[in-house]
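Take this structure, written in structure tokens, and hold onto it; I'll ask about it next.
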Amino acid sequence: MDSALIPEGAKRCAFPKFMIGMAVVGAVLLWGVYAMFLCWFKGLNQTNMNDYYGFALWIWADLAVIAIGGGAFFTGLLKYIFKIDELKNIINFAVIIGFICYSSALLILAIDIGQPLRGWFIFWHANVHSMLTEVAFCLSCYFAVLTIEFIPNILENRQLNKVPFFHHLAHNMHGVMAIFAATGAFLSFFHQGSLGGVAGVMFGRPFAVREGLLIWPWTFFLFTWSAAAFGPCFTLLVTKITEAITGKKLVGDKTIHLLAKIAGWMITTYMVAKIIDTIYWATVTAPSLGFSLSHFYTNNAFYGYWILIAEILVCGVLPGILLIMKSTRENPTTRLVAIILATIGVCLNRWVMVLQIMAVPVMSFDTWALYIPSWQEVATTILPVAYGIMLIAVAYRYLPVFPQELELNKSAKAAE
Amino acid sequence: MKIDRRSFLGLGLGAAAGIAVSPVGVKLTDDSSIWTQNWPWTPVPEDGEITYDPSVCSLCPGSCGISVRKIKGRPVKIEGADGYPVNNGGACLHGIAGLQYLYDPSRVKTPMRKNGNRFEAISWEEAISIVAGKLADIRTDGAPETLGVITGSAAGSMPALFKRFLDAFGSPNAYEMPSLEGNLQLTAATLHGAGNTIGFDLENSDFVLSFGAGIIEGWGSPVACFKANASRKERHAKLYQIEPRLSNTAAGADKWIPINPGTEADLALGLCAVLLSKNLFTQGNFTGGFQKFTAVIQKEYSPTRVEASTGIPAADIEALAVAFAKAKAPVAVPGKGRGDHGQNLKEFAAVQTLNALAGRLNQEGGAFVMAQPEYLSFPEAAMDEIAEAGAGKEKIAGSVNKLIEDINGSDKPLLNALFVHNANPCYTLKNTQRVKDAFKKVPFVVSFSSFMDETAMEADVILPASTFLERTEDVPAGAGLPKSVIGLATPQVDPVFNTKNPGDALIQVAQAMGGTIAESFEWETYDECLEAVAADIWDSLSEEGSVVVAEGVPEGTPAVDVSYLAANPTSVEMKGEGDFTLVAIDNMRLTGTIPAASPFAIKTVSDKVLSGTQTVVEINPASAKGLKDGGEAIIATEQGEAKVKVNLNEGIMPGVIGMVKGLGHTFDNPYVAGKGVNVNDLIGPVIEPGSGLDAAFGIKATLKKA
Amino acid sequence: MSEIENKAEHGSMDGAGECAAGDPKDDKGLGLGVIFFMVAFLVCFLSGWLLFPKLLYSKHEQPFNFDHELHTAEAGDCESCHFLREDGTWSGIPNLASCMECHTDEPMGETEDEAIFCEEYVAKEKEVPWFVYSKQPDCVFFSHAAHINGENAAGKMDCKTCHGPIGESTSSRPYEENRITGYSRDIWGKNIWGFKKHSWDRMKMDDCANCHVEMDGHKGYCFQCHK
Amino acid sequence: MIQHENAHKFGMVVDLDKCTGCGSCMVSCMAENNVPFKEDETRKKDSITWMRVYKLTNGKPFPETEVVYMPRPCQHCSGLGDHGHSPCVSVCPATATDYGYDTGIVSQIYTRCFGCRYCMGACPYHARYFNWWDPKWPEGQENYLSPNVSPRMRGVVEKCSFCYHRYQLAREKGYMEEREIEENEYQTACTTACPAGAITFGDLNNPEHEVTKIVKPDPHPDPMNKNVVGKSRNPKVFRLLERLGTNTKVYYMSEREWVRKAGDNYLDGEWDKRKNHHGSSSDHG
Amino acid sequence: MFPFCFEWAWDVGHAIFFGGLWYAVGILGAGMTFCIGKAAWDTINDDGEGHGGHH
């Protein structure tokens, strides 16, 4: 039915089957959209946020998707600037994942603010001292970069590419992609960092505050680094999931191994920095403000030392080691374990840097604040997931996302 | 294809481009954000000239001077009036929130008549004629004494006017709600002779021994007490608080002396006994069996015996007595909490006797025995034969609590009609069901309430009263003050609803009845009446807004008749069974009487007092037995049970449960009612023999996990 | 509204006609697309510039005409009617009582407007519901006292600087209100882009700030002008 | 920034020994500033009270328990080193809150705020409140609203302004009479309402003002922590979370040591060490 | 955002921040303009190449 749109030579499932799958995911999407409109029209009383929890699930979701979407900028950086050509086999997909992550982040931000119609004040009345301003600027600019990076892939659609203008446009954009990628890397570096700075500059919150370099707290650099380290893991994870669902090998092992190796080293070096940061914070920064480490991890029902151990050791050091060791890296099972742990690890880090900050009491007579999101918050947070699945499905079906697909599935085709 | 996709594409792109290079996008983006800054459903208060007008707050007996800030004549804020002889600037939260009462959703907006179970709006003419008609029937039946009146207090022209109505009508049945002022007058009458009252010179005392008096919880004239208390720091004066619970007063005191609930009288007499035995007392003007008193007290209230009942070590009692006697200007203050409900005469008399023994009567920083202010002179009421006959009859009961008991206990209706003014007995008195039952047994109840409160809901006719901001009234201040001040409340705004000054309503009822009753109420309006009856002080009252009738240390040492205590009256025992003693707590941010706390006041109430729609009770962790902080529990007394939440609090004696007064209103106002339980539903009254006071400060209770 | 619809319809009809008249073969498509584009562009462009500003504002006539020139001649300068109260707050437009300090129940002149004033407002003791051209939104705090009685030169401003030569007007112009924001059009200014020629053409925050920067060297802090 | 030589620095000191926890300040603030109310205000984490009175206990068991009430308005921080970068001002992305260098007051412009709530996260005092709901008054009750403070719309953050509008009104009168305003002419609503007189408000830069006489702020940075400026030289006076370097302008005073200790966080045993240090340094000074 | 905005100040913070921002925006804008322009040029000078599949 839609065979004219499907990339030449590629095999895709039957259209009705495709539509059924889309409908199922679409229902989840609509649920999220409904919740989104509730929040817009009735206000943020639809959430379980409160004056102690002004930043909650949504901000975590924003930080998390931006971190795991970091695969796009980092892969782009490696491919276009450091000229690691092998990554061309996964760059398209990394860009799509990045695009999904960043558009989701913007959407969630649009729901999260109390006065969406005034959202543009952040640009117009910008306060240059605020990390959030930097985030907003770089985020939207980088989203533009991702869109630019995504466009050529769209234009390579079998039908679109027949239009000469589009054909040429795609060609030309490929030609200057290095410049876009460089700009994207520059922007990403800052907004990933600024997101880390968001927490690090809150000197009223001893759990969050970090010392640093000039105006940048250490979390600024840690966030950038961690996004570069864990983002590719998520790209690999989604690739793996896509391969599992389509039942096809889409990216060659060489590319996978290379990216996994890079991610492994990035994670490992990040973890070294993170551990140094944690030790310094726990032994110098926090005590200088009158806080011992136990203050942050005891006397409450949820945030125990487990979260520190989980984030740093189980979901940080462990996947790092698994990915730098050749044997575990090239073993599909241990590699999968590593990228799953890594993805959880970075999400956990963002959780801690948003929600635990809000939960920890600062005034000596204050108490821990715990929070459970409302269904509206959950639905609007799942919305991007549904949206992402749908976009990946459509892109995979109609665009030549994976350059190696035909080659890698030749044997299967031959067997048919 | 004539018009293909590309045509539409062209059309769309062209339109988009055209709009893009026009101001539409920019302007709409800007204007839509400006729209959010001026949402039509967010009110914009009107601006105008700012003026300040003085008046007096009559929400509580404190009677503070207030300054009402107005914009273009529209009141926007109430603040304490600088220089006013009671509060001199500063105000309590209820007074500051006073404007919320003006537009309260639960106000009675027009006269009402009960039809079946529902109220219907009627005109003032109709309302007055219904009331006058019913009352006329009662007189025709020859039973004028079956008209009763319950007023909030006995002070001022309004209760006097109701009393006058009863006189002209022919009934002796005027009752007042329990109040600190009433209790002090009763104490003064018992010890020093009728017509007196007692004031406490807290401002000048260097050692205040408070028998649970909530000096910063609304006792007496709250703001005056706050000020006197705050000045302690500079004056290096001490406050010792004797109370089972770490109230705010106890928290602010120099020393908190926990005591078994309800044994304050024992301690006061125990201190008297120590003074007597150590010969640290002043002979003064003791009369009425001082010898017998000395003997009885020393025998019955020796420190060891008092230790047994109060739980305070005998040595501490002796030391406390000595410290009290040795202080330069000590004063002992009676009246647990706000000193109005759940009080007993024995304690009041014992504490005042302690003052007398320490030689603190009519001394600077001591207790003043003062004549009740007499500034109203009503002309003799005209009485016809029916009135004469009725007025000669015996009053049904000695107190409002006894009245309720008697009405419930009698087969035939003791009252055929009842006026309620400035009181909410169906909420404030203990065992509210009992009060409501009694009200149901009265065939015709007329409420003069401003609000559709629990008592108004039991009424047959409501003649809605203007609030204190909409009417004129004389406001005599403040229970327990060491001076007499009369203030004048003046209308700050035209009545917001179809309400009247209850004085006007009463005058109109009287005039509608004709005859000698109308003759007794010859004034056109209440304002005219007030000016006439307060003629002695009217000029200065209306000009200055207040008149200080008496101030400074009264002269002479008053006689002290101790025969009441010499007879060793029995202490009131707590009713019921259970491991715990439930005591009612006064909290400054709530009102225990009328009106109910405002939305603002409710907003300030801690979540350790009210959580959602549940009352939170205080209990010491030592007696919690498996109950968790914040957990739900069922509290049960012989009176009833209620679901509550638990606050584990080290600031309360083990075995005692503290439950706040002022919650559990049942009328229709989602901001203040439907929240928590009324502690009066759980505690039944215990009438003290002799005084007729409801002395139930608490009740035995059980507390189990819900 | 109908105008634009007509135009649009007309435009597309034109396009369609041309299309019908032309060669039905495919290549015409691009040409048609271009024509459609041009027409739509023009229509939207012009409506955006000409029609949109008209639609955006609603016009209200004042309850009756007020002759400022006549009143300044009779009563003196602006301060005779618009004055600072003793506490420094601004009295704004005079209320009925102020008017009645000069006026009586009977008209003093012969204008129709004064007759309306006497019949509709004086006789009925009703305040005149004037529309205030310079009305600022609720979030703005503006101290006339600071600008008239302020401590430095900047505090001795002339009414004209912000309000223009309204004292010389003989009749009241219609009050225009932004339908979306509820603002008086005088705040944004008549010019749709907000360009201004005179100091009184616009009363937006930036106008305040510019003057403050000039006079004080600093545009001030939020609370200085916001409440 | 305006740095007048005669810039004001408004601040207050609350005598916790006098505070009774009565709540007058809270209600006065609500009435003065058009603070809305809802049916259920017992969820304190979404209940708007610019001025909130905290209840502190010494944590000891019966009968040694002690309680003190601590009113907490916005602390009007001047931030690390007293430079005006308060925790909230520096993070607001849209400049909806700023630091008035001429008054030391931290503003909040409701019409500028777009509700990102970053400032709330940054404020350790929980002095900032979000309008989760549209403010709604029962019919007729909007009649008492004051025009001097604009009612806030849903979706924005609000907080204590030190009753800036009262400053403005006092100044207008001053302009009229061509004079500077007096100490008593500008007082916050909570200060004037307090029946116990526990709050003293005034200009910390003016040595004549009572608040300065009580606080005796040290204009030099604390030698132990350079971020801290304006530390009180009165040993009974302290600030909330002073060690963070927020440099609040709301000071507290208490005779009780445990209360002063509760004002900040200390590692085990640190308080006693500091106390001794403080003792010796004040001996020298 | 623009020098005529209320909050704009000619200081180091704004210079660095907005310098970086406008630099990035400029590159993106110029890059895209170049690509689109060149694509249009290429299309016109194409002479039917790629037209084959059209319709």
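For reference, chains read A, B, C, D and E in written order, and residue numbers begin at 1 within each chain.
Convention: a contact is a pair of C-beta atoms (placed from the backbone, for glycine too) under 8 Å apart; a residue touches a chain by one contact, two chains touch by 3 or more.
Everything numeric here is computed off the predicted structure, so don't read it as measured data.
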item	value
Touch graph components, with chain A removed from consideration	one piece
Chain hops separating chain E from chain C, counting only touching neighbours	1
Chains linked by the largest number of contacting C-beta pairs	B-D
Centrality ranking, top chain (CA atoms only)	D
Chain located farthest away, centre of chain A as origin (C-alpha)	B
Furthest chain, CA centroid comparison against chain D	E
Cα-centroid distance, chain A relative to chain C, in whole angstrom	49
Centre distance in Å when chain A and chain E are each reduced to the mean of their C-alpha atoms	26
Whole-Å gap between the CA centroids of chain B and chain E	74
Inter-chain centre distance, chain C versus chain D - centres from mean C-alpha coordinates, in Å	40
Sequence positions of chain D contacting 2 or more other chains	43, 95-96, 110-112, 134, 147, 150-151, 153-155, 169
Touching two or more other chains - residues of chain C	26, 87, 89, 137-139
Contacts with 2+ other chains: residues of chain B	32, 35-37, 44-45, 47, 50
Interchain pairs in contact, sorted by label	A-B, A-D, A-E, B-C, B-D, C-D, C-E
Residues of chain D that touch chain C when the two form their complex	1-2, 96-103, 105, 107-112, 147-151, 161, 164-165, 168-169, 171-176, 178
In the complex with chain D, residue positions of chain A that touch it	43-45, 49-55, 112-116, 118-119, 121-122, 124-127, 129-133, 136, 198, 201-206, 287-292, 295, 357-358, 362-366, 369
In the complex with chain E, residue positions of chain A that touch it	123-129, 133-134, 137-138, 141, 144-145, 148, 162-169, 171-173, 175-176, 179-180, 183, 186-187, 190
Residues of chain B defined as touching chain C within the complex	1-4, 6-19, 21-24, 27-28, 31-32, 34-35, 37-38, 40, 44-45, 47, 49-50
Interface residues, chain C side, partner chain B - complex	12, 15-16, 19-20, 24, 26, 29-30, 32-49, 52-53, 56, 85, 87, 89, 91-92, 137-139, 178, 180-183, 192-193
